[in-house]
Amino acid sequence: MRSFASDNNSGIEPTILQAIIDANADHATPYGHDPYTEKAILLLKKSFGESAIAYLVNNGTAANTLSVKAVTRSHQAIICPDTSHMVVHEVGAVANFTGCSLYTIPNVSGKITAAAIEERYIASINDRHNNKVHVVSIAQTTEFGTVYTVEELQAISAVCKKHNLVFHVDGCRLSNAAVALNKSLKEITADVGVDVLTFGGTKNGLLFGEAIIFFRKELAAEFEYIQKQGLQLNSKMRFLSAQFIPYLEKNIWQRNAAHANLMCQKLAQGLAKRADIKLAYPADSNLFFAYFPKSVIAATQAKFPYYLFNEKTGFIRIVTSFDTTDKDVDEFLALALEAN
Amino acid sequence: MRSFASDNNSGIEPTILQAIIDANADHATPYGHDPYTEKAILLLKKSFGESAIAYLVNNGTAANTLSVKAVTRSHQAIICPDTSHMVVHEVGAVANFTGCSLYTIPNVSGKITAAAIEERYIASINDRHNNKVHVVSIAQTTEFGTVYTVEELQAISAVCKKHNLVFHVDGCRLSNAAVALNKSLKEITADVGVDVLTFGGTKNGLLFGEAIIFFRKELAAEFEYIQKQGLQLNSKMRFLSAQFIPYLEKNIWQRNAAHANLMCQKLAQGLAKRADIKLAYPADSNLFFAYFPKSVIAATQAKFPYYLFNEKTGFIRIVTSFDTTDKDVDEFLALALEAN
Amino acid sequence: MRSFASDNNSGIEPTILQAIIDANADHATPYGHDPYTEKAILLLKKSFGESAIAYLVNNGTAANTLSVKAVTRSHQAIICPDTSHMVVHEVGAVANFTGCSLYTIPNVSGKITAAAIEERYIASINDRHNNKVHVVSIAQTTEFGTVYTVEELQAISAVCKKHNLVFHVDGCRLSNAAVALNKSLKEITADVGVDVLTFGGTKNGLLFGEAIIFFRKELAAEFEYIQKQGLQLNSKMRFLSAQFIPYLEKNIWQRNAAHANLMCQKLAQGLAKRADIKLAYPADSNLFFAYFPKSVIAATQAKFPYYLFNEKTGFIRIVTSFDTTDKDVDEFLALALEAN
Amino acid sequence: MRSFASDNNSGIEPTILQAIIDANADHATPYGHDPYTEKAILLLKKSFGESAIAYLVNNGTAANTLSVKAVTRSHQAIICPDTSHMVVHEVGAVANFTGCSLYTIPNVSGKITAAAIEERYIASINDRHNNKVHVVSIAQTTEFGTVYTVEELQAISAVCKKHNLVFHVDGCRLSNAAVALNKSLKEITADVGVDVLTFGGTKNGLLFGEAIIFFRKELAAEFEYIQKQGLQLNSKMRFLSAQFIPYLEKNIWQRNAAHANLMCQKLAQGLAKRADIKLAYPADSNLFFAYFPKSVIAATQAKFPYYLFNEKTGFIRIVTSFDTTDKDVDEFLALALEAN
């Protein structure tokens, strides 16, 4: 099967798989007291800057949930866009684990602005009958594949600093954002004042694995207990950690994301030849939402599965991944452009 | 490093690793809607009987926590031995996720008896100021490596049925128990009236992966939501599931456990030549606790790490695994027997 | 101070206070094993019908929270209006205790319709990545003081039955609704298919005290443990329970609510003489929202405090209570009508 | 009924009841923004010292639960005696709300020592597989009616300071302890280094009401939200608060406790005339455990109910309260001493 449904339909990048195979030698101390984990943590520090304190967990829901849990108490609230994965795709795991409320702001192309955050914050303050706002969480890239600019991130960070809020970024596709902005990982996180981050691996070539990164020491306090209680301390941790070594050391995060982004743009540009296809938002990274005419859907979806959210309007989502091939894209475009 | 510290110091069994490699072809639908997961679930049903409804999770703490969460509400209590992993090694994850209290019973060689459970149950009943007992949880093999006999399991099951309690088994080393008892997996679970089970993979040759098995349909109701909210629905589920296919289809669970048990017995029997070494409990499966004289510890621990719990008494634990070699055992015995 | 800010600014109705004084004789068994509690429970059964199983708790947040907790598990969701007290005024207590998500529907005059509930339900179903809808919760009277008709309640109940959802009513002002509809308590709850109800006392003349009423036995299972764990089992329960005896036996619930409603209507009708005052919603019960000109606010708010939500639009709320006097109303009207 | 079963069988002290009646005048701002609450908070500060930050809640379980919740996170543990009310009488409310584990130490006459706490602490430290010890909680008086001396409290406080642990005292009968030690409330709390305290009212003459007192500002941070989310912010707060005014201003806490203690001692001394009655622990305050011969139980229990925990050994508990009369004691003694 060749799929454009999601980047988590993809497999394991060969270098990453080899790292797992290579780690399968001899015995190793479990629960992260092994040289692979030690090295992965150091490489994350190298990539995200000296302030970065990193932990590895199994999946994206876990990364979001435990990173927010670490910095909140149950009477607090998290401001986030109404499209936030935390709100609509994780069976309420963040709210469930933290006990916090999620205060949503209507998104604009998947984003929320510093001004809207400030307005929501001020509307909530000084009232013990509502949760106390404590965190702002955005996704970079957004759930619509759009990318916050450095200036937008700085503005959100400034609001957070002003009101003593924690700035959280769901970075399950952070690599795609860095590539899209032509910035380093550090430049779009530590350097713009992000406090807590999740950094994705699974959607970008790993078997499984996401990092949680704290940029302030006090936010990471006692996190090793939270990780274990939060069901994220595997015994054979080396096989999770070993993947992050080539991912960072050999810049596979970048290479894979660059390829996925390129395939996405190639697709979007190719489809632009049809006047009856409209992108819903800019194709900034490795996914886009669009309106497809019925004929295009009929011609493509069976061979290359993707999400069709609304049969009437033809509202669809296309996602490319590190292992999307030129052939995949060319075949898809051929089918789409010939359909009538 | 060659270690006797824990069976989770071991690596990935080659057939299992090959299954991961083989599953890394093409795209696959995520979140368990893939042929590997489908087949793994079927094979679990085949091994544990028609009533078995199975789900796969990342690690043992997750397996214990979510399997208990599925069958409890927060005002209830779980009766378990004071040695239960839930009590002493999981940062209170079970209590934290379920909100339940754990009512411990002093163990005898790692086990608790039907009679002691009944006594504890009756002591608690009909008093709204204490949690309502709802579950009995034991580990098979126990944390001390001992193994409940079929008769002991039946007796516990009978108490559970009598008082309408759920019988939960932490089977992170269930394979070792089945081999030790020379029984099938079904004979020591479904057939003795177990209601909910965790079935370990990680300690017995998998990269990662444990199964949760419900033997009554109503106990599994809506579990797919609990799994996702409980941070255990990986997107690339196929790589978790693919491991269970040879594990069950090729009886690797049995072969690996049989080897680990054999190595353990060889070690125990070898050490028995020293009159100053005493086993704390019978070496029923793949681990034992013993009292080692200082000289033996000095001679062995540096080369083959294992747990020393008490320097004064020399109280230690030795664990073998599927990849413990005859050479490991022979070298260890040579060092231990020559020490003085 | 004379206040129109809320009915919980009121005191204790004299008959209720006398019941407390009378209960202060001799010793009594604590934790609800006393004759006052026994009688209160029976009277609630008499008022709400044979199927009613009642418990008493301290306040409205507790009543909402524990009544919902009793009927949910953490992966489920509760459909409610966006104005629900659970969502905006209880520091997320319901979400926090239950672990559930709250799925809000935009209100129309404080209400939601059966059709909107069905639409929201269908949008959520069959997707393990979202919470499973399990409860519909409305408030009667609504937070805007409007009252669901019997037909509206029946329609919501029918949707709940159709999809096997629990129908929950926040009845902190249920008495005012019953009076407004000229129905008995049973006719607007048990008879229309409500499954779980909170029945308010505090806002309607009690020192403190709310009832939780289950109309299906299985929903109340083991609730005595949930009540105690939920911090709602006072030791001197008799003083909470004793208040419900005259409240029900002497129909004080009705008399007090009828008076409060009457005062509200008198106020609303009096204010209607000013063309520049507009009610936001119908004044169905004992509170209304309206737009006041600046001059009216200036003339009245200092003497008779009430909520001003928006200085620009003059959006205000007025609430009357059992102890609002004709003099209060006349003075307020005089000030309001003369203002310019 | 005249009862020695518990001090919560008692009613409302007349001065306290009058304070409720007096507070029932006019309207008052709800949720604690009233002059009664303001004054009660100030009087608590006066009694417990300038560092005291106080909040009022409905009952003892709530006081224990929220005071511990305020100072913990879910991966932490609380060291307490195995007799702790938190462990055995609150349906696990503390564990449930906080997510923490309770690490129990075997009590000696209801107490635990600084040395035992240190030993338990050291046994747990530096191991991410167990909860991180963060709080020590004791009850003063203990569940057996014994009283920690100032020196014992200072020693426990010193261990807490040494290891950066929070010192929590369940003071549901603190008044009885202060009287027994002939100390002020401050001398046995703030002055010995207690960090968080519950201060009981219900068992000592109030209709209902307990105080939570924080002695360090940072521990009380945002507690107003925790109180509300924790179901403990009644709307008509004035009636809870008003009781604490005479309780503190007129030293009713002391007078009531002194009387209860005196009655207890009179009882204990009277019973000492029988050689076949043995106290299990010293009768330091207002309750004692003893072994009664069958004849004494037969002669007394029907008329004056009290707990009989073990029919064989005759193990019983007697509790006196502020409204125990000399007549009650004399009649009981007459029955007990004449029994044969």
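Read from first to last, the chains carry the letters A, B, C and D; within each, the first residue is number 1.
In the analysis below, a residue touches a chain if its C-beta (ideal position, glycine included) is under 8 Å from a C-beta of that chain, and two chains touch if they have at least 3 such contacts.
Computed from a prediction, not measured in an experiment: that's the story for all the values here.
In terms of the distance between Cα centroids, subunit A is separated most widely from D. For A-D, the matching interface among the pairs B-C, B-D or C-D, defined by over half of the contact pairs being the same residue numbers, is B-C. The distance from the centre of subunit A to the centre of subunit C, each centre being the mean of the chain's C-alpha atoms, comes to 42 Å. Centre-to-centre separation between subunit B and subunit C, using Cα means, comes to 50 Å. Subunit A and subunit B have Cα centroids separated by 34 Å. For subunit A, the set of residues touching two or more other chains reads 74-75, 90-92, 96, 99, 128-129, 131, 225, 228-229, 233. Subunit A contributes residues 31, 73-76, 99, 128-129, 131-132, 222, 224-229, 233 to its touches with subunit D in the complex.
Interface of subunit B with subunit D (complex): residues 74-75, 77, 88-92, 95-96, 99-101, 128-131. Those residues of subunit A whose C-beta lies close enough to touch subunit B in the complex are 1-3, 5-6, 8-12, 17, 20-21, 23-30, 58-62, 65-66, 90-93, 96, 202-203, 207-208, 225, 228-236, 239-240, 305, 323.
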